[in-house]
Amino acid sequence: MAENNTYKMVELVGTSGKSFADAASQGVKRASKTLRNLDWFEVIEMRGRIQSGKVAQYQVKIKVGFRLED
Amino acid sequence: MAENNTYKMVELVGTSGKSFADAASQGVKRASKTLRNLDWFEVIEMRGRIQSGKVAQYQVKIKVGFRLED
Amino acid sequence: MAENNTYKMVELVGTSGKSFADAASQGVKRASKTLRNLDWFEVIEMRGRIQSGKVAQYQVKIKVGFRLED
Amino acid sequence: MAENNTYKMVELVGTSGKSFADAASQGVKRASKTLRNLDWFEVIEMRGRIQSGKVAQYQVKIKVGFRLED
Amino acid sequence: MAENNTYKMVELVGTSGKSFADAASQGVKRASKTLRNLDWFEVIEMRGRIQSGKVAQYQVKIKVGFRLED
Amino acid sequence: MAENNTYKMVELVGTSGKSFADAASQGVKRASKTLRNLDWFEVIEMRGRIQSGKVAQYQVKIKVGFRLED
Amino acid sequence: MAENNTYKMVELVGTSGKSFADAASQGVKRASKTLRNLDWFEVIEMRGRIQSGKVAQYQVKIKVGFRLED
Amino acid sequence: MAENNTYKMVELVGTSGKSFADAASQGVKRASKTLRNLDWFEVIEMRGRIQSGKVAQYQVKIKVGFRLED
Amino acid sequence: MAENNTYKMVELVGTSGKSFADAASQGVKRASKTLRNLDWFEVIEMRGRIQSGKVAQYQVKIKVGFRLED
Amino acid sequence: MAENNTYKMVELVGTSGKSFADAASQGVKRASKTLRNLDWFEVIEMRGRIQSGKVAQYQVKIKVGFRLED
Amino acid sequence: MAENNTYKMVELVGTSGKSFADAASQGVKRASKTLRNLDWFEVIEMRGRIQSGKVAQYQVKIKVGFRLED
Amino acid sequence: MAENNTYKMVELVGTSGKSFADAASQGVKRASKTLRNLDWFEVIEMRGRIQSGKVAQYQVKIKVGFRLED
């Protein structure tokens, strides 16, 4: 954040069958398809879906920050 | 959330002269004009405007979640 | 909030047998008996009383904001 | 809470197609099927499900408090 | 949550020597021994125990939600 | 929490005419009548009832954690 | 809260050289000098002053609720 | 807080066209017109109004604490 | 908010070398390049970057609210 | 805080078999062994350990503030 | 945070007669006397002292983060 | 926490290219270089850095608790 830029945050829920870290990673990867200059993310909430008595899906709500171009 | 999709959240303030439930409902209806795959909402904050000593407007800040298409 | 006035908040619990929106409305109506320039309210907490296994009363804790006169 | 009893809280999610107040009411009614001495409830979270661009279900997470018998 | 059912939340602390995701998974698995219709979980808190200067145990406090049968 | 057990939390409100510490203590004592392996508690909220202008009852909402047996 | 009254909350900081419970008690006693129908209080914050390396004063910020007369 | 006095908090929103610090300062100045023994304030919330794409007003919600006289 | 419109919130991080108020102001100014009907903002978080032992940049995370056109 | 000094906060957990107030007091006393100019403390969290169905230890997490010398 | 370093946070209260931004700045400047590699700060709380009905001191509680050397 | 000891908390940010659990683990390992009697940690915040549209670093802010020797 060197030159007094403005950043925008978008909020996503990434999901994964493996772990919370992977769910965050999936959300970031999806965001990078349509947004440039992605810089950091913040975890807001962690949840998951249960099926047949087991964790079937890890869900991580994140905010992703990216620099707005002038 | 079956297939490890990514979801996006947008934040809105819906308003209504009737009730908090209706204000949330109005916000969701407005969101559905421009967004597809709306799935759920979360209430963030409830406020209202007062006029002549009466509640003139119920305001509900919500986050609306929808599935991103690939 | 056009001219850099100062506003005061008072905290009330409005109650109703009907709904949360009505409970907020009752609290605002009562406040307007003794306070002028009521402008907005914010919901702080929602609770209720149960009798014979049914909701007997909806309770909404609100902050009510009003402009202080000079 | 007159005589220094102990109370227990259980957490429920009540749901309704009509309003947040009704969703809380449904949750309380269901709890009263298996629990006695229900005394009060506290709203923890409000969410909802969207279908075809409209609110299809109001969901209220509540804690219900009841007196433990000796 | 299609038909306006009521859901109950129970709070657990799952533990694991491997990761936060595994700790949540262990808690869910244990809950499924005595509860039916488990549907989702929410992470409340993450902690851990340290032994000999290393993380010896990951602990995840979760709320598990399940549908109440009529 | 040595061997990767799972723990359950129950939420109680203990009450006392003397102090917050005694109210927590009363809640724990009552819980131990029906639950085994009680291990720790966490204070969630402190309130009280007033009668004739004096504190008539200290109320402490606590979560009590206990180990689930296999 | 039987008849759908409205309640007002005032926020105080009670202080004591003895304990948190006594500090809350002092605040309530002072409030009862000028307010009628005091009904309950809620603890918001606990702090204290240190002098010569010892706790010299326990401070409890409370909200006191009382019924408004018609 | 030397002699175990009781303090009262009032909540205000101060406003200013210049800065958050000035908005807090305006709120305190207004409070001192009608209250004595003002001692400290705490910032609760910071917001602002936008006009023509610029910040037109900084708003600071504060709690102001003052000693109650015996 | 007179006519039951819906509002949208976007989240930004404004930055400035001078003050928190200026950082918020910069974020709002940037938002107004691409968004119309900006109405208010709310401060979510305040941070900053340090260089050579001095504050080099004030950062303010804000939510900006604007009216959606029909 | 008269002359624009800087203060430092350290976080401690004080413990006691008697009460929350005593646990805070023990933590402060221990801090004063190695730190000078201790000025105030803030309660962050209250917990406790249970043994044989009784509260065996009150634990209070506090932040202690002290003035830094120039 | 390029090479997976560990960072430490210390908590300070900076004070100033001018503004919140200056108070944060003073705290950072004081921290840099005894700590190296200061990288960022986060605002935790804003308060102030009032004298003769005016803000006499702005106080900002901050956490300062710095890289630990190996 | 058997004998009414006092514990100290230090706040760290651990980082890792692999997962949140590993980032917490790295922070604990680093702390054990200079601190003895490390006992437990608590997760405060989870964030990460993004590079080229992928998560490049998981960051976990933790508080680490250790027993103070007499």
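Observations, loosely collected:
Letters are used for the chains, namely A, B, C, D, E, F, G, H, I, J, K and L, taken in the order the chains are written, and counting of residues starts over at 1 for each.
Following the convention adopted for this analysis, a contact is a pair of C-beta atoms (placed from the backbone, for glycine too) under 8 Å apart; a residue touches a chain by one contact, two chains touch by 3 or more.
Quantities reported herein were computed from a predicted structural model and do not represent experimental measurements.
Chains that touch both chain H and chain J are the following: G, K. Traced through touching neighbours, the fewest hops from chain B to chain J number 3.
Two copies of one chain, chain J and chain K, form a contact in which under half of the residue numbers belong to both partners.
The most distant chain from chain E, with centres taken as the mean of CA atoms, is H.
Rounded to a whole number, the gap between the C-alpha centres of chain C and chain D is 22 angstrom.
Chain centres here are Cα averages; for chain F and chain K they lie 37 Å apart. The set of chain D residues touching two or more other chains comprises 10-11, 19-21, 31, 49.
Chains touching one another, given as pairs, are A-B, A-E, A-I, A-L, B-C, B-D, B-I, C-D, C-G, C-H, D-E, D-F, E-F, E-L, F-G, F-J, G-H, G-J, H-I, H-K, I-K, J-K, J-L, K-L. The residues of chain B lying in touch with chain C in their complex are 18-21, 45-50, 53-55, 58. Interface of chain B with chain A (complex): residues 1-2, 4-11, 63, 65, 68.
For chain L in complex with chain E, the touching residues are 19-21, 24-25, 28-29, 31-32, 38-43, 64.
Touching chain B in their complex are the following residues of chain A: 10-17, 26-27, 30-31, 49, 57, 59, 61.
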